[in-house]
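Below: a set of structures, written as structure tokens.
Consider the two complexes below, in which subunit A is the common component and subunit B and subunit C are the respective partners.
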Partner chain A sequence: MHRILLPALAGLLAGTLPLAAETESEGLAAIKAFTLEHNAALVTEAKRLRDLVGAYAATIAAHGNDYAAAWAAEGATLADGVRGIRAQWLVASNHYETIEGIVAGIPATARYDLILDAGNPGTEAEDVADYDLALPDGTVLERPGSLFHTITEPLFWGSDPGHAKLAADLDGDGQVGAGEMLFDANLALGATAGLVFWSEALMADMQAWEPNRDDAFTAVVTMTPTVGDYFGEWKESQFLGGAGAAFVAQSRLVDVLAIMGGCQRMYAAAVSPVVAAGDAALDAAITGAFADLLALVAETRDREVQGERFTAEEADALGAEAQDIAERVVAQVLQAAARHGVEIRG
Partner chain B sequence: MRALAALLCLVLLALPLRAGTPWGAAETIRSEAGRIERLLFRAPSPERAADIAARLARMAAAWQAVAPAFGPEGAGVAAALATHAESAGAGAAPAAARNRQLLWAALTGAARARAFAAIAAGDAAAAANWLTVRDYARATGDAAATLAVQALGRGEIDAAAARAAVEGELLTVAASELRLALARAAEDAAAGHATRYAGDLGRAEGLVAYLGASLADHLGPAGMTALAADLARAATDPTRIAAIAEGLAGYAPVTLAPAERLRRARLLRRFAALVGEEYRDGVRGGRIIQPMEYHEAQLFRDRAAMILADLAPAMDAAAARRLADLLAAMKVTMAAKGEGVETLVAEALAAIDTTFGSEVAGAGYAAAVEALPAALDGLGRMAAAGDWAGAEARRLEAYSFFDPDIEQRLVPRAPAMALRLEARFWEGSAGRPGLAALVAARSGGAALAAEIAGIKADLATARARIETPTSALGSLVQSAGIVFREGLEAVLILAALLAALRAEGVAPARLRPALGLGVLAALAASFALWAAARSLFALSTLAREAIEGGTALLAAAVLLWIVRGLAAGGGHVAAFRARLAGIANPRTVGLLAFLVVFREGFETVLFYEALLVDAAPAPVIGGLAAGGAAALAAGWAVLATGRRLPLGLFFRATTILLGVLAVMLVGSGVRGLQTAALIGATPVEWFPDRDWLQLWFGLFPVAEPLAAQAAVLVLMVLPRRLRRRAPA
Partner chain C sequence: MRLKSQLRFHARPLALAAAVAAALAGLLLALAPKPLPGGVALAAVPFYRLPFGPDDQGRDRPFWPSRLQAAGLPFVDPARLPSSADCAACHPREFEEWAGSLHAVADRDLVYEATVEANEDIVRNPEQTRFCEGCHAPSEMLAGRVTRFVAVPPADALTEGVACIGCHTATHADPEAGNGALTLAYGRAVADRDGPAGAALLADPRAHLAAYGAPDTTALMKGAEVCGACHTEIYDASNSRARGPQVVQSTFAEWRESWYGRNGITCQHCHMAADPAAQVLALRRGDLTPPARLSHRFIGANHVMADTRLGAALTVLRGGLLPGTDAAATGATLAVQGRQTADFLRTAAGLELRALRPTADGLHLEIAVRNLGAGHNLPTGVNDQKHIWLEVVVADAGGAVLFRSGGAAERLGVEDAEAVAWIEHFLDGAGERITNHLTFATAAVVWMRDPIPPRGEDVVAYEVPLAAGAARPLRLTARLYYRIALPDLVFANLRRDLPVAPFTLAELAAELPETLP
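Coming up: the complex of A and B.
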């Protein structure tokens, strides 16, 4: 797993390196190019994920959709398949996480963040992922929630028992541990096809997006404060003894790192040239605050990877500190927005 | 991990050089002190000690390079830096957390003094630089200080005004942060978080020092002494925190300007409402099902409490206390993941609405003009994404901002403009489809973009009309126009009916009490509905349109019935009179009076409410009297004419008049149901699109109301024709 995780993390952190831009227009263009690059990678990796799931489903189907019979006959193939699907899910998800701060912050593309990654099912009152998911067997799931975290992550990692078809000793250690199961191939096929479809739809809208100052400021102002929410999820996640069904594949801190990296990237590339032109001290302060924020998250993630445990007080302190820095960044960006007459939307 | 560490180093190397300037040094000190506090949570080790020592050295170097620039206040910073270094170097986490906050307070205090000196010297650039060393409003997005310094630099305001704005914001933020620090201290004490508690107390101590003279003015010397003693005792006795918070409850460093009060009250309402929404999504059955929503509910509650504290000094004390209690109860319930948060939120929202009025309830004009363009943009985005259900929802949302908040203010000033703007949200015209038509036809692209742009442009024109100050004469004319326009139809219907009945020998005296009762009941019902919609229940835009349209159609039906009775004629005179008396009895006349007055009554009350927002009461009342008198005069003219004209001619004239009025009522009624989205609307090209036809005669170039009006005409005319053709 570390062979997959570490390059993925390194890639994420590389994504957090600010893009220095000479001018606002260059910066905006660079943001769009960066987002499209990762969006294209997301599409490619989502297709690979769909293909892997297709192979898994074909194995099950070859046994008349009898999971027990399939496991009895081709257990090793299925176990490899599940491992490969999980690894591929991480690759695809992390490409999206790298651009999530940008996609979710731009009003024209924000709905894709709900569909792909952050939206609630239609049973909730707000932030609903507004799409229906058609499955190969003809079932249509109405507004089922985000594809990555509501559907596929709990599905592939077995934290949603409703879609686990058969308990199975995937790692061959003689025991069936948590998350060891064969999942519903029908749902997996539909959901991964959905990932491909909506990733491509995002790509089309992102290509059509005309980068502008209001969107850049809005993205930073609306997405940066979410760091406190993500820390809240991290505290509640299984890594700190919580019992959440989502975020079992990897720590929520990986998401935080990527999302805040996206915010920092947007600031450095597209907003900083505007702020610096009128107030270099403010620009330096914001740039420094972003660096503080990213360092806090990266250090925390680093310690988590090394197996350190956090006390409740320290976890609270880290979350509160991250929230304080983020709110300071937002307030500072709002000062610049007021000076330049920028409209913050959303 | 090596890759991760290397990339982290790259991130740090990519940072601009922040030290070198006083404000850059302050940021370095702030950042390093924060990192040291985080390091002190970890287990002691030689690596930790070395890291802390290196960071302390960096802080000291940054300070040494710029200390003189901080002037006399720099001595306080140097002392705080030394104290912090001592505690951090010793690995004393709670003491270092406290001293970190005192150090930041010393830095911000010194920077404030330099900023004021720069403002006094007219050096806006230097003032702006020094003002980066400060705390910002975290809940309200205040930028008054930044804008004041910018205005100073442009020569738009003088130094005194700039200083007042800057000082006001800095003190307001500090007072808000002080309350937050005390709230956090209470929570951390309860959780047994010693280091965080020490940091919270240090923050409070530092902010008390920062607020200095302003706080002393409020508390007096004895109060300041007690506060200092309580803060000292709180280090070992957390129960003192509540006493400190209580003592600061009525403290406001500056009086909020009306616009700022309104803005904060709106934010308070928004945050309070969000608490309910987020908690509902986050917690179910005593379990956190969505941690992010749960966290946001808590965050929004905390922000609402901060804003309430800003507003409280200028609020009614009992209302402020009640809201504070409700927010406190929310916090307790949410911490226990309990039930009942939505009830508390509903009560808080009602209290906010009662205290601050409709402008805060999200239904105000200012909120509407702010939100409408965003809703239109959302419509455009939804349509572009092919989400037509979402686009329709956004259209209705946008329309709900227009009607009533903008429409009510626009109608008294430019009624035709209001009518046209309203149509653009719906079917538009045959040549230029409106938003409803475009969304229904799933027609996005240039046409939708053009319509959205057109509405925005019309909105800008409407705002210019609305926001142009109104003279006393203008208010009088507008007021008279409202009551004349809205009342004329009812007056004419009732007068013509009475005249026609009198001409037919039905004694009007028998009907007058019922008529008066109907009018009075309608007026009372209009005011009652208005009051209930403000305080008891929410009456949506579409529901109001439906009530208005439905009442108009009902009135038209009653009127039509009576007119048909009048027009029936034929046969024995005595039998006709008996039949007429049966139809035009006190009950039907009273009902008709109620319907025709109530139909316009509620909306007229809303128009007057809007007019009184920016017009003096005297000319409005004068206009009301003049317009009412004019409408009554028209009614009297109808009655008086009856005395002069030959009976037969007059009877026919009043019957025709009543028929025309019934046609108008039907047109308005169907139109009302269309704007309530209960029936469709099909624009037609062949009918003239004239403001006066729509405003005064209810004749719209729309197929459905025209068809209904034609049907009414047929119903009135056909029986007469048939009777003429029938053999005697």
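Coming up: the complex of A and C.
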């Protein structure tokens, strides 16, 4: 039963179920349409996030940018504002996660993944989020890292003490717990404006993208093997490691499901018709392995939602199992790519 | 005369017997299975990249900057490569021993994996990690999986680090060049898969012997050279930012120049003894008898990776369970591994109070740190991480500490710059110290204090200031500590604040005489 239900659950969590296309061109077109649909939603939700942050910043500004005064005068409004911003951040972020496996895998759009979600602030030789962020007060942050995960996630959830302006009892329980604070409105305004700007820029480039076989194969083989890294981040997060672990706003398993769902979608729609035409058995094997991979992740997420707490040992074992499946998928896709003369542009 | 006639009488049957014997020998030779090539050509592995170009003769270098070589075709089909768990069917004792070893987890050990990733992050070509994987993951290398786009599927045999086939198919080693300078004939292992198995193998073991008991391999495995190929590590422009050769590990050369090397006492004699500590103690007494049986535990100096007190964390650190094992079997073999490692480490060093005299300000004392049992320098290996330091404490009669060097802070993982320590510093291009083993960023390697050669010693002098009227008698305690890795490495690469407990190699306690000479 699990073999049937879990892939379906995985597909639903990833956006929609992966649909095999009749022809390669139909599949590529479907991928582009799917990505544009979620990209448009991302732009809409990023604008909503920017507007919520604007309201928060206006409240602070109304008190001369004195956070303590603003909290004293309009604490309930600000607490509601922070809650709303966090919820809206998750909505926007999840729209991006749904298409991340595609955006990051296509060479023409990969840089947007670094800027929006996955890049580092120059701390490593590769995968740097190469852009500057201008803030309303005129400050320009050079290569500040990704907008979702380096800047706004720790900013909104208070895990970056450098940008927490005032400890505040947001939940009204009489105590100031972890993450209860008012964050830097100036940085938040700049970062959310940046999210809107770069989401729209991605949209423009995605509209201009001409779907092709090389990109489809490249997306699958570059993004699928990242599953192990995401399991590693899950293991290091507070979802497993307790208070001392790295903070993430939602379980990394949600991201894994979305990203692997994107890879599965790309394969089913755009790559499978090519592979199946030359070797139906190989296509069936890859399709089955993708289903297994998504089922494993979905089942793990389901157990987590049910309240199960995993040990680091279990997380490692699950991550290794997922990585093993992913590597088998990629090896098979690359073998097919070689047969069809596909160029992989990582 | 009688002899001559007898010879004439037997000449015919003798000649006939000789001809029959020669014919039988020829037939056997003709029928004997020959090792098949069993390899895969470079062109047959799609998307395998060669970013470092050919060698001086224009030949491909599929494993560069590691010096690993394949005998014959460069790659093998991993699906046809036997896993050590397969070998366990007939060699359970060897497998059980090996499963507790560091060799078994050379490519799974989480600290190693994280350090490779940290190195990979600072270079453009992920293929540069072939430098690491040549020694840590020879099977991954020879399967063609250490490349940007991996078109070869994983297999159990590839996850086993330095496995059975990693040594038992070796045909050549260059311990002077190091950096993985081994030639492996994995084709023999692949060919053996087509040979007899089970009872049929016992009845006719020739194919198996041809695969794993070939004369070149058998000869190689008796000596230290096969170990030296990986236990010699030299940084240069191909694998780091060093402009000239920087010797990072010289364990083989240290051994070769030592009393042990001169007396034919090889790595195997100590590290593969069934009871390594007893073997070293016997050697210290002058008994050079080699061990009666060689164990596959490869007991060494990494006590953390066999410390069963870590519980489940140890399994995580060791990268999970090996193929063919379960938690109970792993726990059992690790318990032995841990005990033997601790016993072994305690045979390596000794401390001796060599001089003690009063000075105008207090005391001058000298402590000899002696390499008593290691057939190589103390410390040896990857010494930007593995290091030793001396803690010296002088206390008064009431126990109040009057002098301390290399103290509690070091034990807690904070380096004490004043402590007497034997450690290498890796320096980047700007001369700044690198503490998390970023090989690819290292430009120079500098010893802070020369390591102690086999059967040698390093005498450390201390000037101990004493206030007048310190309650006598004074007590001196000295401990020689060993740590396998800097906490910085674990924190920076593994993002874990994991305590790396030191190990006490040797201790000295003395009550100082009331009247000093």
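Everything below uses one rule, namely that the second predicted complex is superposed on the first by the 324 of 346 C-alpha atoms of A that agree within 3 Å, B and C clash if a C-alpha of one lies under 4 Å from a C-alpha of the other, contacts with A are read in each partner's own complex, and residues count from 1 in each chain.
As a convention for this text, a residue touches a chain if its C-beta (ideal position, glycine included) is under 8 Å from a C-beta of that chain, and two chains touch if they have at least 3 such contacts.
The model shown is predicted, which means the values in this text are computed figures rather than measured ones.
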Simultaneous placement of subunit C and subunit B on subunit A, clash or fit: clash
If touched residues of subunit A are counted for subunit B and for subunit C, the larger one: B
First, second, both or neither for A:A108, with subunit B first and subunit C second: first
Partner chain(s) touched by A:A317 [first = subunit B, second = subunit C, both, neither]: both
Touching partner for A:A285 - first (subunit B), second (subunit C), both, neither: first
Subunit B versus subunit C as contact partner of A:Y230, first or second or both or neither: first
Superposed model, subunit B segment overlapping subunit C, candidates 277-285, 421-429 or 511-519: 277-285
Where subunit A meets both subunit C and subunit B, residue numbers: 124-126, 236, 244, 311-313, 316-317, 320, 327-328, 331-332, 334-335, 337-338, 346
In the complex, subunit B residues that touch subunit A: 1, 3-5, 7-8, 10-12, 14-16, 18, 21, 23-24, 27-28, 31, 34-35, 37-38, 41, 128-129, 132, 136-138, 141, 143, 146-147, 150, 184, 191-196, 277-278, 280-281, 288, 290-292, 294-296, 299, 374, 377-378, 381, 384-385, 387, 390
Sites on subunit A touched by subunit C in the complex: 124-126, 221, 225, 236, 244, 246, 311-313, 316-317, 320, 324, 327-328, 330-332, 334-335, 337-338, 344, 346
Contact footprint of subunit A on subunit C as seen in their complex: 46-47, 121-124, 148-154, 312-313, 315-316, 319-320, 495, 497
Complex contacts: residues of subunit A adjacent to subunit B: 6-7, 9-10, 13-14, 16-18, 20, 107-108, 111, 120, 124-127, 130, 205, 228-233, 235-237, 242, 244, 279, 281-282, 284-285, 287-289, 291-292, 294-296, 298-299, 302, 305-306, 311-314, 316-318, 320-321, 323, 325, 327-328, 331-332, 334-335, 337-339, 345-346
